[in-house]
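Labels run A, B, C, D and E following the written order; every chain starts at residue 1.
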Amino acid sequence: MIIKKKENWFKMLFEWKGSVLPQLLPRLFLLFLFSLLIVYYKSFLLEYNLHINPAIFTLFGIALAIFLGFRNNVSYDRFWEGRKLWGALLNDTRSLARQSITLLNTENDKAESQKFIQLLIAFVYALKHQLRHTNPDKDFDRLISSDLKEQLQNIHFKPIAILKELGLWVKKAKAEGRIDGFAQLAFEENLNKLSDIVGGCERIASTPIPYTYSVLLHRTVYIYCFILPFGFVETLGWITPFVIVFIAYTFVALEAIADELEEPFGLQPNDLALDTMSLMIENTLLELNGEKIEIKKSDNEYYLT
Amino acid sequence: MIIKKKENWFKMLFEWKGSVLPQLLPRLFLLFLFSLLIVYYKSFLLEYNLHINPAIFTLFGIALAIFLGFRNNVSYDRFWEGRKLWGALLNDTRSLARQSITLLNTENDKAESQKFIQLLIAFVYALKHQLRHTNPDKDFDRLISSDLKEQLQNIHFKPIAILKELGLWVKKAKAEGRIDGFAQLAFEENLNKLSDIVGGCERIASTPIPYTYSVLLHRTVYIYCFILPFGFVETLGWITPFVIVFIAYTFVALEAIADELEEPFGLQPNDLALDTMSLMIENTLLELNGEKIEIKKSDNEYYLT
Amino acid sequence: MIIKKKENWFKMLFEWKGSVLPQLLPRLFLLFLFSLLIVYYKSFLLEYNLHINPAIFTLFGIALAIFLGFRNNVSYDRFWEGRKLWGALLNDTRSLARQSITLLNTENDKAESQKFIQLLIAFVYALKHQLRHTNPDKDFDRLISSDLKEQLQNIHFKPIAILKELGLWVKKAKAEGRIDGFAQLAFEENLNKLSDIVGGCERIASTPIPYTYSVLLHRTVYIYCFILPFGFVETLGWITPFVIVFIAYTFVALEAIADELEEPFGLQPNDLALDTMSLMIENTLLELNGEKIEIKKSDNEYYLT
Amino acid sequence: MIIKKKENWFKMLFEWKGSVLPQLLPRLFLLFLFSLLIVYYKSFLLEYNLHINPAIFTLFGIALAIFLGFRNNVSYDRFWEGRKLWGALLNDTRSLARQSITLLNTENDKAESQKFIQLLIAFVYALKHQLRHTNPDKDFDRLISSDLKEQLQNIHFKPIAILKELGLWVKKAKAEGRIDGFAQLAFEENLNKLSDIVGGCERIASTPIPYTYSVLLHRTVYIYCFILPFGFVETLGWITPFVIVFIAYTFVALEAIADELEEPFGLQPNDLALDTMSLMIENTLLELNGEKIEIKKSDNEYYLT
Amino acid sequence: MIIKKKENWFKMLFEWKGSVLPQLLPRLFLLFLFSLLIVYYKSFLLEYNLHINPAIFTLFGIALAIFLGFRNNVSYDRFWEGRKLWGALLNDTRSLARQSITLLNTENDKAESQKFIQLLIAFVYALKHQLRHTNPDKDFDRLISSDLKEQLQNIHFKPIAILKELGLWVKKAKAEGRIDGFAQLAFEENLNKLSDIVGGCERIASTPIPYTYSVLLHRTVYIYCFILPFGFVETLGWITPFVIVFIAYTFVALEAIADELEEPFGLQPNDLALDTMSLMIENTLLELNGEKIEIKKSDNEYYLT
């Protein structure tokens, strides 16, 4: 996610980097050429009555508004739900880390808490890698024992397997008398939440907006844009291509943004900053365990405090 | 649910398989013929003042926009709530499976956990078959004892009966001292959630959008489309049928998609992939119990990791 | 709630029974006559400049769209919240019935469970009768002891009184050692949910949409429809009454549906099928208690499996 | 809240009492006069080209629709959230009252339960008076001991102070062995909910919609209405004032309703019936404690059963 | 947040202070000049066919309405979620303060409760300062021991560190027998909620609306406003600049408000009154602990009772 200080209102008009404009340029240029052609053959079109009454476009407008508005809202909701799930991940791992320190019957047993907190951090990275289909080995190397790493090698649902390890830690703690039944109940509640978070992320990642919607919207938007010149060439004349391309830009850009946000766990510029967020969770958990952390002032440092 | 890699923007315009277009073709063709007829009798219509002022259609537009927008949102919400319920089913069965391993006072008692997990898997398939009105016998054969299968034969609400079996497992575990009261409470919470999921799915499956809505929307959309040619034949001339059919396509396609999504547990192309999801839940639960699973790279493998 | 197999798209256009059209016919006929009158005095209107610029109607459209869209959404939300509450009633009574069997320390004590489950069923019917202001005596006769029935005679909030009886059952069970504190806590959680359900239903039943809204919307819709002919008589000529009545139909029908759905616990065709739902909850609870149930294939059998 | 039996559709058009029309009459009359003036100076306006193209008003329409729709939704959400909070107050106080009877280890100890239930009722009235900035003394006189009343005299957050008293009742009950730890936990959960309800009401009461919104919307609506005559005097002629005032009415009435609903705890006709609701909660709690209650059939008796 | 008594409807039209108008004046003035220029060169524009058909603007309107409506809703939701989180902070700290008094097994131990409540207050201020990137030292000086203050010096996530201190207080209380396991569970639940609140605030503060949206909306709004004069100079004549500027005002003001509300924890006039809210939480917690508080009638005293 590219975050910048907000420019003043004037400079923002010419923003380039954070925009989806670059990827749309070829299509818009094609539309520009097409409009030019229509301006050129204007008299021919009018003669053969190939001109379209502009009132037609307000009828289209209804379907277009419903489609674009719907697609936009659904995509943003998916993005924001993904963000909320990772926010809940932060909250619950913090709560669990705190509990691993304060719910022990014994004096603070830093070694045991640390084991638990390392597992929590591994859990976060395992989820990140599962969602992005990337290899977690490098992160596992520094976070978990080689025994556990090997054990996870052939596991498909790695975050769930680590969640079981967290549950076994609790079981052992209770068996050895370090925590009582009340504490176990408190842990269980938060472990269940972690299970909900994993499943929630998997749900978003695996269930796109029904494909028919995308096809129908896509078709409506582009056909609409390409018949626009037939409707306005008579009144707009030689400025037709400029006006048409600007109108088309707003529509296709909206579709393009919605398309990016639909899958919030990807690697496109507007997707969620899972890397930064994982690092941030790691930092806050380590700090809870009494370690001194350092937060680098990197480019997207703005993202999470 | 047909999922494909996203085509490039141009090819997507000519998508055929994932679209509702095929089933709509006959109606659209009828409308095309009707429009042709009107173009042919244009002078007759104008003479008898049977032409309609295009401004009328923007008035219709208000009702149409509200109806289509509403229908679309409600249908999608039902689809997405259905998906969320099956997501929660995944999360809760995972939590319960983990608890059946980590909440025992004793050393890991794999036989008992396995019995519980098998029941959980049977619960998932029982729910799937209830929602689709299909026969669960084949799945029950491989998942539960023949005793229990027989017992379930005359039961109407099979998932609820299996839920009771899960509760009896917990009762027995407590009576035999394998779990304590705290653990029982933890199990109960998740069993209640399973009950909520079953009821939630039944609610969606059994309560369609009030029929009056469907009738009113359907009527409005089609009458609107069939009077459209009266409004535009004067200005559009011989291209009327083409333009009208394209406009009509966006409206009736939107209604058709909403109609499919309204019942997310069915077997239409845009419904939820309950088969894949059941299999996926079975796999993750088995893996939690230490079994080695294999995930087939089938066509809709994309669906759930 | 009238549920039917979905007709094909053509027959659905002439649907009569499930629609609100019948009740609206008199008003629409009045509007038809009024429009006829205006067509007849067309020249008089034009002479005295009593014609209205059609552009005016798009201004109205804004307010109309906001009102109708809002009214429609709010009414449907009330309908759906009512449905959700009755869905939650199903889920929670099932959970409580299961708990009354599986949380006992003793062997299954069918007599005690049955007492509890009968109370649950009585609770459901008491709620139904309270919401519909009908007499619960007939249902109480077959469900509860005559002692309890008499006791409930002078009680205003009968479901809440039965809820207290459920609480007293739990108290007695604990006092007699049949359940422990953990089980009591589990029961309490679900009893609280029942209290929430009763209150939720009462809230919907007792708090209609603010009356001012209804008045304002009603006024806007009807005045709008009755001034429509002034705007279109000039261009539409003798087909004015037909076109106007069809437009008016979409608006007043939308208002009429919203009006029906606003109070989902009533007895109008589009209201919730509380009778079927109560019976269905009774059946599933009895089945949980081991009784053999029979589900009649009645007309609205589709409603709840 | 003024609730009436629904009139038939025709009488409802002339509804006066439940409407915001009276308070708007002066402004609408001013607009009427203004429009008259413009009709009178029509030729002057046209000569100096002070006429406005009606197409301009559809551009305004976008902003107006967003503002009015947004303001309306937000205000209604605040109203409905306020109603939900008072509904939750009913549910939770009922649950707590039930628990004060059924969670005691001892035989029913009516004196203790009664003390608790009286405190609950006092809590409800304290909240009502805090939200309306009215004096609770009269209600405190009949509900709580003079000791406690005095103690509350200098307290700013009276409902919270009574909540603490409820907590102290629980503490005492546990210290004296009348309830155990499980029961205490059950009480605590519901006491926390009461705390959430108080805070939720305070949030709505103390945080209006950002003032800038109100100003911007207000300005847009009124300037829009007062420039309307410039746009339509040419085509509408002498009926301009009538048409303009009716259009304006729909917009300013919508703003006025939203303004009333925004603060649901006030004393305007469309605000929540806190008096009736408090009385109703008192009645249901007393009934739970075994007292015989009488529900008066007053004017707004429809409100809560 | 500037809160005022509501003015009468007429004065409100000329409201200056609470509005975003001042900051927009330069841009609107620029637009005014630009429109003037276009009026001046009107004949030149018409000759070279640089005039734009007004119908074009209704096409733009679709995209504009979706963008502005979406941006507005999302920004307000962020504002309101921020407010809800701080409301939950009030509720939970009150609940925890009450519990620190009523859940002790011993007689009221005011010293211990006070320690806990002071920590709660410090937690609130720590969160405020983190969200605003301000220095908490002054508040820490009067609220916590210098030991703890020093300990917090190098901590990045100060509220989370204080949350751990709250957990350690509970641990100590249990170790010393002042609370039992049930009470610990009750505390844990509320401490988890505090963790959720911190994370929720961090989420809003660190994740702005995707930047592409802002750019696209900004661009669309301003380009739209600056091509408006080309469309209306022909029909509006010399009043063009006045009408255009008023239309532009509604659009850019809406964008400006949304921009302010997007980050609710900032220091702009429409942001949340974190100072007042912190003080108010401090007051109510101190009052719960039996201290006499005084609420100053300051300017924004209206904000929270």
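We take it that a residue touches a chain if its C-beta (ideal position, glycine included) is under 8 Å from a C-beta of that chain, and two chains touch if they have at least 3 such contacts.
In this text, all values refer to a predicted model and were calculated from it rather than measured experimentally.
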Set of chains whose contacts include both subunit E and subunit C: D
For subunit A and subunit E, chains touching each: none
Interchain centroid distance [CA atoms averaged], subunit B/subunit E, Å: 38
Gap in Å, rounded to a whole number, between the CA centres of subunit E and subunit D: 23
Residues within subunit B bordering two or more other chains: 55, 58, 64-65, 69, 181-182, 185, 189
Chain order around the ring, beginning at subunit A and proceeding next to subunit E: A, E, D, C, B
Of all residues in subunit C, those that touch subunit B in their complex: 1-4, 6, 9, 12-13, 15, 18-20, 54-55, 57-58, 61, 64-65, 68-69, 72-73, 76, 79, 83-84, 87-88, 90-92, 94-95, 98-99, 101-105, 180-183, 185-186, 189-190, 228, 232, 235-239, 243, 246-247, 250-251, 253-254, 257, 260-261, 269-270, 283-284, 287-288, 292-293, 295, 302-305
Subunit D residues within the subunit E interface of the complex: 27, 49-50, 52-53, 55-56, 58-60, 62-67, 69-70, 74, 130, 154-157, 160-161, 163-164, 167-168, 170-171, 175, 181-182, 184-185, 188-189, 191-192, 195-196, 198-200, 202-203, 205-208, 210-216, 218-220, 222-223, 259
